[in-house]
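Each structure below appears as structure tokens.
In the two assemblies presented below, chain A is common to both, partnered first by chain B and then by chain C.
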Partner chain A sequence: MQASGTKLALGIYTTLFLVFLYGPMVVLAILSFQTGPEGGPQFPIIEWSTYWYKHLFGLTPPTRIAPLPIEEALVRSLLLAVMTMIVSTVLGVTSAQAFRKKFTGSGFAFYLIVLGMMVPGVLVGLGMALVANALGVDRHWWGTTFVLHVVYTYPFAFLVMLAILNRFDQNVEEASWSLGVSPVKTFRKVTFPLIFPGVLSAMLFAFTLSYDEFSRTLFASGRDLTLPLAIYGTFSVEVHPNVFAFGVLTTLFSFALLGTYAALMMLSIRRARRVAIQEEA
Partner chain B sequence: MSDGRAGSQPCFARPTPVFARVHFREVSAMIYDLELYKIGKVYDNGTPAVIDFNLSVNKGEFIAFLGPSGCGKTTTLRMIAGFESISSGNMMVKGVRINDMRPADRPTSMIFQNYALFPHMTVRRNVGYGLEVKGMAKVERDAKVDRMLSTLGLDDIAEKKTDRLSGGQRQRIALARGLVVEPDILLLDEPLGALDANLRKAIQNELKLLQRTLGITFVFVTHAQSEALALSDRIVVMNQGRVEQISPPHQLYTRPNTPFVARFIGRNTIFQGAVRGVEDGRIIVDTPFGTLAGGANGDMSLGAAVNVVIPAEAMEVHTLNRTMRDTISRQSGGNVIDAKVNRFDVVGHISHLSVELPDGRAIALEAHIDKYPPGVFPAGSDVLLAWQPGQATVIPAT
Partner chain C sequence: MAMTAATAEPVSADRPARKMADKTLWLLAPGVIWMVLFLVVPILMMVYVSFWTQTTFAITPTLTIKSWVTFFSSDTYLSALWTTIRIWLIVLAATLIIGYPAALFVGLFVRNKTLQTVLLVLCVIPFWTSFLIRVLAWRPMLGKEGAINLILQGVGLINKPIEVLLFSELSVIIGMTQIYCVFMVGPIAFMMGRIDQSVIEAAQDLGAGFWRIFRTIILPLSMPGVVVGAIFVSVMVLGEFATSAALSGRKVNLLGNIIVTQVGSLKWAFAAVAGVVLTILMGIVVAALLRVVDLRKEL
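Coming up: the complex of A and B.
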């Protein structure tokens, strides 16, 4: 009796969870198939069509609704995310490696790093803008914004790597040293291949966090907008379902990214085996 | 506590300072494989982990570090490997000081309890790893790896990944990997600890055979007495960071140096007393159970507090008999004690006997049923325990 009650409660909870998680996305996806150009971003669906997808790529006859000004912003955001991903992951891996041994001030350094993800983004963005002004530095997405993105995503990469290295068996490294292999070579040949799945996770974190970062970017970027800013900019005029169509496409892109991540994971697991077989041949 | 081969050394054979030894060696060409001179380890928080560890190991010797957990045996091994820094003292391999060498530069290889294999490599790559990174040519490397794989019976699984193999196979792989780089000294940190009892016995024998065949010096850390006794040429017994005794296995039994060793090794009964005198080369000791005699191990003055140590194997049980008592006492040099039988069981062909001493201590004894036939000592009966003075050891109480 009690068990079935619990089951029911858990079932309701899970359903609600899924509704709240996917509801907005589903609504967005449905509305993106609204007819155009006269159909608006609301129910009911007047007629199903792929008009707004075509509109997104400039494949529709021109109307009073301007195409989304996102082309350059998309490229910028992707570049920024890749740059941030590389720098944050390198920083995260090396500093987490350093934290495996206690050193003077390691506790302080830990909180200093983690602070980057704790402080409110709007404030840091504003602060960066003020500092840039005071120093007479121009604000750019590849400058001030990039620094803020690294400050923000580096703690995530760092924490991921810290967790991975925490579970890492120190004896495996020691075994390598005692076989006459220097610490640097040991890191390359043993440690890194073993923590590589963690490195991939850190990269994924850094990339996605940077890709849709808004609050820090708002104040710290200059004239040239990143993707989230560009999309937000279109809201201030009038919302059309073309934004939803774009949302669906970016979501698909994210899934593609996750798929790549999974594929790379599989590859890293199989690679060692294949190398061994090749060596045999 | 004694340095080197226990007891037998005269008292002037104190550890010589290292510089003097180095000089001496130039003359005599006598080089130890491994030398620890006054090695000490103090942790950052000030706790001493190892205190004044002295040891000289000959080439091809099998040394075991034995002691309860936390006694400093693993710390010492890790200092030899270079994983832990040395706080004081000197450490040398073949006469070369290795105190400040990186682990990678030391002529040692370490075997771990958890095997520490490289999970992303096949068995063959694991074993060939050390040679590969050193840049040995593939043909030469393959030949060496193949030889080592077949020595350890790993040919069949050479191309397998390590994660699906048994504990015994994994430890053989670790051994092959550590030995193929031809270290001067192989360090083994409880290598059989993760294996089940039967496998442990089997690998124990293989290990011994391997060590004899290759002639490499082994330093083996264990908390299992039976392992140390079965495998090693000499055992270093450690307790609370200090070396208690360094002896061949049988001497730990017959001639313990300290009360700790007497309690830790074998099944000894210990009687406390004070030295009364010397008679026929034996020390006579007054104890609450009467006057007992035994061979001396260590310096003891008249009236000094001492322990009389008697191995369980040395104790003879006699039915208490007024007329025989004097004869038995005379035959065993006065070493007799009254006791009462608690239990007498026969399991297979072994008689198990539990007797209680006047002070309430219980002693477990066992013998073949031919010696103690079923029913010979009924529970509750009074018996006489006797032993030969030569089998008892008298050691200082502290």
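Coming up: the complex of A and C.
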């Protein structure tokens, strides 16, 4: 498109759009440096301080503002995210492998799996709670919540793997088999390195989606809170800047994950390129 | 097994085929079983429980339509249903209107692939922060002493703070629009990126102005993206309750909020009815959107 006036206008618009997307987070980050314990969650900043970050870690003298109950919740959320990540990635890889062959009922299976990411958390969460009640099973984050998290993240892993396997030249595997290499070794030496970027993406999706998952967790977990549930608990009471400080830290953690993913991805691409060059030489 | 070399040929060709089918089954079974047990069964259970008998503190599996009658004769529930539909329509329109120009710019006007990727990544990055924190971030923006009121007062546009910004239906709409906008931008930008540039150039050479090109080429070709985006946004907004809980000060009750409160007071049958109503509503919306554009043909 070469309409320069329109292009300029749309460019300015898109910049404003990005400000709209990022504005609240930036304001929240600024306010997390409000002084404490008397400073409230609004402007003006009375004095810049890291009080609320210390408050988060219990490093401040006790005041009427209770510290966020995040310590155990953090451990639970991380464990839950790792469990979800492993199971949904394994399920995603195996199901996507199955879809490499045309089979009857493939359309049905596909929609059944993808349904998991489309159905809102309120509905599955409520349904799971009802099933648990009917069976007399206690609801726990490592039980009912965990299976629902997999229902949610496994479709993402599946779709990522499907996209990777669609582009994947099957002849490479067949060449390996016909040279007498065992299927297990072929998977380890040929298939896996080729699908590794997909596996990594699937793991990233599953981990972050589970770590942040909230609506399914609300209904399906029992008394023990996960991190999002602990934050949700603060919604009903007065908000203090300690929640903002926590928001900044958890955002940084997510970015660290994203950075690790990008680094691993880069390494894998570079290795693939090196192998390609060796083969050419 | 006495077999000559000649007859061995077709048998060995047949066996791998069946082995392959077995393999597919084994690979597929775990995922499908998981989804049936933990997705299909809970949803069916919800439908079933909506016909159970609700007493003050418990439910008994005696079938009745009493909960349904209560739902549709109660002003609270009906107004929640109406609020859900209203907020869904407003947010859907808002995400489309706000997101479309951005998608147009990123998908069609930015020709530099690197810049395009950077812009798309910038749109997605907020998703790496917690959903609840993003909702909460609107409180210091919209409050009476919030950033927007401070800026507007500082510029001199208003004398006293606009109070309706926070803890109102408006704040819920603003919050949801910001959070779900990207699900509209992504699919539309994707479809824009696939538009053949030479078609637009040909139209320009033939003397068509921007609006004509937009109406006759860009808009129709981007429709599948709009539909996919609309499905994403609709499903998420209809199933919402956290944004209204955080930003409306309990003034806005969506069907999702009704479910949460009913579960909180152990009224499982009522919660199930609200859940089924929500499911049906979502089904109608998605089916209607799929009617607009035949996705299978377009994608």
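Assume the second predicted complex is superposed on the first by the 263 of 281 C-alpha atoms of A that agree within 3 Å, B and C clash if a C-alpha of one lies under 4 Å from a C-alpha of the other, contacts with A are read in each partner's own complex, and residues count from 1 in each chain.
Throughout what follows, contacts are C-beta pairs under 8 Å (C-beta built on N, C-alpha and C of every residue); 3 or more make two chains touch, one makes a residue touch a chain.
Note that the structure is predicted; figures quoted are calculated from it, not measured.
Trainee: Name the contact category of A:T250: first (chain B only), second (chain C only), both, or neither.
Mentor: second
Trainee: Please indicate which partner A:F57 is in contact with in the superposed arrangement: first for chain B, second for chain C, both, or neither.
Mentor: In the superposition, A:F57 contacts neither chain B nor chain C.
Trainee: Which partner does A:A129 reach: the first (chain B), the second (chain C), both, or neither?
Mentor: In the superposition, A:A129 contacts chain C only.
Trainee: After lining up the shared chain so the two structures overlap, which partner does A:E174 touch, if you call chain B first and chain C second: first, second, both or neither?
Mentor: So A:E174 only meets chain B here.
Trainee: Is A:S95 touching anything from chain B or chain C once the two structures are fitted on A? First, second, both or neither.
Mentor: The answer is second: A:S95 touches chain C but not chain B.
Trainee: More residues of chain A are touched by which partner: chain B or chain C?
Mentor: The partner making contact with more of chain A's residues is C.
Trainee: When the two structures are overlaid on chain A, which partner does A:L148 contact: first (chain B), second (chain C), both, or neither?
Mentor: After superposition on chain A, A:L148 lies in contact with chain C alone.
Trainee: Note which residues of chain C are touching chain A in the complex, please.
Mentor: Chain C residues touching chain A: 20-21, 23-25, 27-28, 30-32, 34-46, 49, 98-99, 101-102, 104-106, 108-109, 119, 122-123, 126, 128-134, 136-141, 143, 145-147, 150, 178, 181-182, 197, 200, 204, 210, 235-236, 238-242, 245-246, 256, 259-260, 263, 268, 271-272, 275, 278-279, 282.
Trainee: Give every residue of chain A touching chain C within the complex, in rising order.
Mentor: 1-3, 6-7, 10-11, 13-14, 17-18, 20-25, 27-28, 31, 41-43, 91-92, 94-95, 97-99, 101, 103, 109, 112-113, 115-116, 118-124, 126-131, 133-134, 147-148, 150-151, 154, 158, 208, 212, 214-215, 218-219, 227-228, 231-232, 234-236, 239, 243-244, 246-247, 250-251, 254-255, 257-258
Trainee: Give every residue of chain A touching chain B within the complex, in rising order.
Mentor: 169, 171-172, 174-183, 185-186, 189-190, 193-194, 272-273, 275-277, 279-280
Trainee: For the complex, give me every residue of chain B touching chain A.
Mentor: Per the stated touch rule, the residues are 81-83, 102-106, 108-110, 112, 114, 116-122, 124-125, 129-130, 133-134, 159, 161, 174, 177-178, 181, 187.
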